[in-house]
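Letters A, B and C mark the chains in the order given here, with residues in each chain numbered from 1 onward.
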Amino acid sequence: MNAHPTYFRILGTVALALLGFFLPRFLGGSSHVYDTLGTIASFSAMSYGLDIILSDLGEISLAHTAFFATGAYASAILSVDYGQGAWVAMAGAVLAALALALVLGLITLRTREFAFSLVTYAAAVVCMNIAANWDFLGGSDGIVGIPPLALTIGPLSFAASQPPQFWPFAYGLLLLTLYVVHRFRRSRLGQAALMVHMNPRLASMCGVDGNRVRLLVFLVSAPISALAGWLYAFQRAYVGTDLFDTYFLVLMLTGVILAGRRLLLGPLLGTALLVGQKSFFSLGAYGDKLVLGAVLVGVLCFCPKGLASLWPRAPGRALRQM
Amino acid sequence: MNIAQQLVNGIIIGHAYALVAIGWTLLLGAARLVNFGHGQIYMVSAFVAWWIMSMTGAPYVLAVVVAIAAGAVIGAIMQRLFLRLTLSQDLVNLMIATLGFGQILEGAAGLTFGPKPETLTSPLQAVTFDFGPVWFTAQDALAVGATILVFLGLHVVLNRTRFGAAVRMVAEDPPLVALYGIPISRVYISIFAFEGAAVALAATLIAPRTPILTSMGFEQVVMTFVVVVLGGIGSVGGSYVAGLLLGLFTAIFSALISPAYTTAAVFALLIAFMVLRPGKLAAGGNFAR
Amino acid sequence: MSARLQLRDLRVAYDRNLAVTIDHLAVEPGTLAAVIGANGAGKSTLINAIANWSRAAPRLSGEILIDGEAVGGKSADHLARRGVVLVPEGRGVFMGLTVEENLRAGLFAARAGGRAYSLADIYTLFPRLRERRSNLGGSLSGGERQMLAIGRALRMAPRLLLLDEPSIGLAPRLVSLLLETIRALADGGLTVFLVEQNVRAAIAVADSLYLLERGRVVASGDVAAMKDDPRIIEAYLGARN
């Protein structure tokens, strides 16, 4: 590829990123808009964690609510119980998620397909049960009183107590996540994951150690969802066992599947549609649940490759899967 | 502490687990479908029974019958929706689809029945039997008896009838079934309807023990999940034994160690089992046995 | 009287790869037609297409007529009930069912048109199956399994019996025994469409022969005439090596 298109691509990406940053203003700039977009950013970051397991490794992890919750709980404990700042909370969230992912990754190493999903599901149930009963984790009351997000970078410090102030953090995390996922897909690990997914025998003949790849992908994926949890904890100022709710799981799965797998912006678009509906066209808690479920079932039953596959000019490379 | 009473409780809970699990077991064995919407079918059936009783003043028995019919219909709808995924054996997508289906049921039930806890009352709940140190209700006895009957009945149907043979055929090799002249979607619809009807029966027999909530789907059946997997994928006899053992385990664990961590303990057990014996999860050679 | 089976412009494709192209083919009632050809020639694809059955869902076009009636688009189970009975390549019986359950499991219309062999008939035809009637399909030897698959098919009142390489993996003596049985069934009035790699055996029993190459019939006719066809001799030698 010559230099020109690359140059334009970078410019285009930067322009798009800037546009995205000012999106809340274009949408009216109300607190509600900021709040919604902030939620979209953190939930889609959460979905990206699952996305690389689901789209690249081809397995369905039902434990990502646990990673999300781990990030949130670690942040809450560090900032409320230990009075630590947001950076420390962030590091804690990542480390805790890595530890959990390592344990889970080792446990699930030999399981495939629905055995993998069942084990990860069971793990999520165990985590929830522990969170609901262990006082250190706040028990069934959860942990309240998380201070507003405040980050210091050198001489600069940012604090966010209102949704508009929170937005840059959420947006920054989203961009970071997108960058990581993009880089992951181009990395040797990402390629290896795809190979292990598409053709495990060929992969092992090429000297790719399937189990090692699976474990590493798990370790890349968990902190992404955990960072989303970190952000969400500050955004809501409260963590509780509802973080393990099936709602989040279904949201993540639908977000990933709705637009189409292995599309970089897929989970973002999927999540944006779902959260946007809930936020601007809400049918009440039950109605929203119904919509979410119906979207998931509808996509899987009638358009299992995602909405993007209905797009006539959809790039074949990105859509090719399984 | 009263060990005898704990054992009795364990037996009752164990049968309840097994009864809730039976439809799912068949579904998993025959259609390889992990149904995460199972709990919501349980919840909806309990609410249908409650609604019939409180709206029309119908007797409990009638409510049970209507709820079973409703469960069967839900199962059939599910089959219609998932037929393509089932036929192509897209197991992983199927599993996610059932999660979505559960959300639909939960949302719809919330809109219809509201967020308040309700009570499904059975006249048998008030009848108690005392035998020295142990006691139980007539409702408990009914649940245990019904469980045994359902398991025996299913065992006979699967192993002694042509229909049962068709179910086993579908479980083994779906495409080949067509060459025997058997329309596979009919077999699937029966299996799904059975799943719905069986969990509805379980709901009407077991839900009177506790208040019912539209959000209860998950907790009510989370143990079922363990029964289904530990019993051996799709093994009918296995899930009876697994249910019973699990009932005893939870009763004793919660009495002796910690009621709060029972679920975690059971699931840890499950994880250990699945990790140590992943082969057990492969295609069910012992299906229907 | 019209042909039992007629194919017109039949095309079968996997994705974009055309696997079978048959412009015209007809099998008369009560005869035994055999299709021979190398590995990958399209024999299984063809015979499966007639029964509208496959594990891989290829695309079909063209006309398939059974006794003059167009059956294209009818589902495999419908065709099976109406007497178009296929014994597929490889695994054709249920391992988890006993021999007798396998024989009883088939559903067929009483007026399918063919003769429905009774269990006793089948046990007479294949005495081995009687001995093993309560054994599981999975515990049978390859030959027994093939007998069971054919027995199951005969139970279903076939008008047209489609057999895909029934002799595969059998000892030579068993091959000829099995094919002689099939020949006897045809003599009894059954129409058989047989795919066979063992050309010598096919020539020994068939009435007519089709040589398939890359999905096309390159030679066909009565066995008597085809026997000395150089292409057949070539294919036969090819099959031997």
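The rule is short, and it goes like this: a contact is a pair of C-beta atoms (placed from the backbone, for glycine too) under 8 Å apart; a residue touches a chain by one contact, two chains touch by 3 or more.
Every value quoted in this text rests on a predicted model; they were computed, and no experiment measured them.
Taken chain by chain, the contacts run in an open path, each chain touching the next and the two ends left apart. At the far end from subunit B, in terms of centres built from Cα atoms, lies C. Of all chains shown, the one whose average CA position lies nearest the global CA mean is B. Measuring from the averaged C-alpha position of subunit A to that of subunit B gives a distance of 32 Å.
If you average the Cα atoms of subunit B and of subunit C, the two centres end up 43 Å apart.
Subunit C has its Cα centroid 54 Å from the Cα centroid of subunit A. Touching two or more other chains at once is no residue of subunit C.
Across the interface of their complex, subunit A is touched by residues 32, 34, 81-82, 84-85, 90-97, 99-111, 214, 218, 222, 225-226, 229, 260-261, 263-264, 267-268, 270-271, 274-275, 278, 281 of subunit B. By the touch criterion stated above, subunit C contacts subunit B in their complex at residues 51, 53-55, 75-78, 80-81, 85-88, 91-92, 94-97, 101, 104-108, 152, 156. Remark: subunit B residues 162, 165-166, 168-169, 171-173, 175-184, 285, 287-288 touch subunit C in the complex. Contact residues on subunit A toward subunit B in their complex (touch as defined above): 59-60, 107-108, 110-111, 113-115, 117-119, 121-123, 125-126, 129-130, 132-133, 246-247, 249-250, 253-254, 257, 284-297, 300-301, 304.
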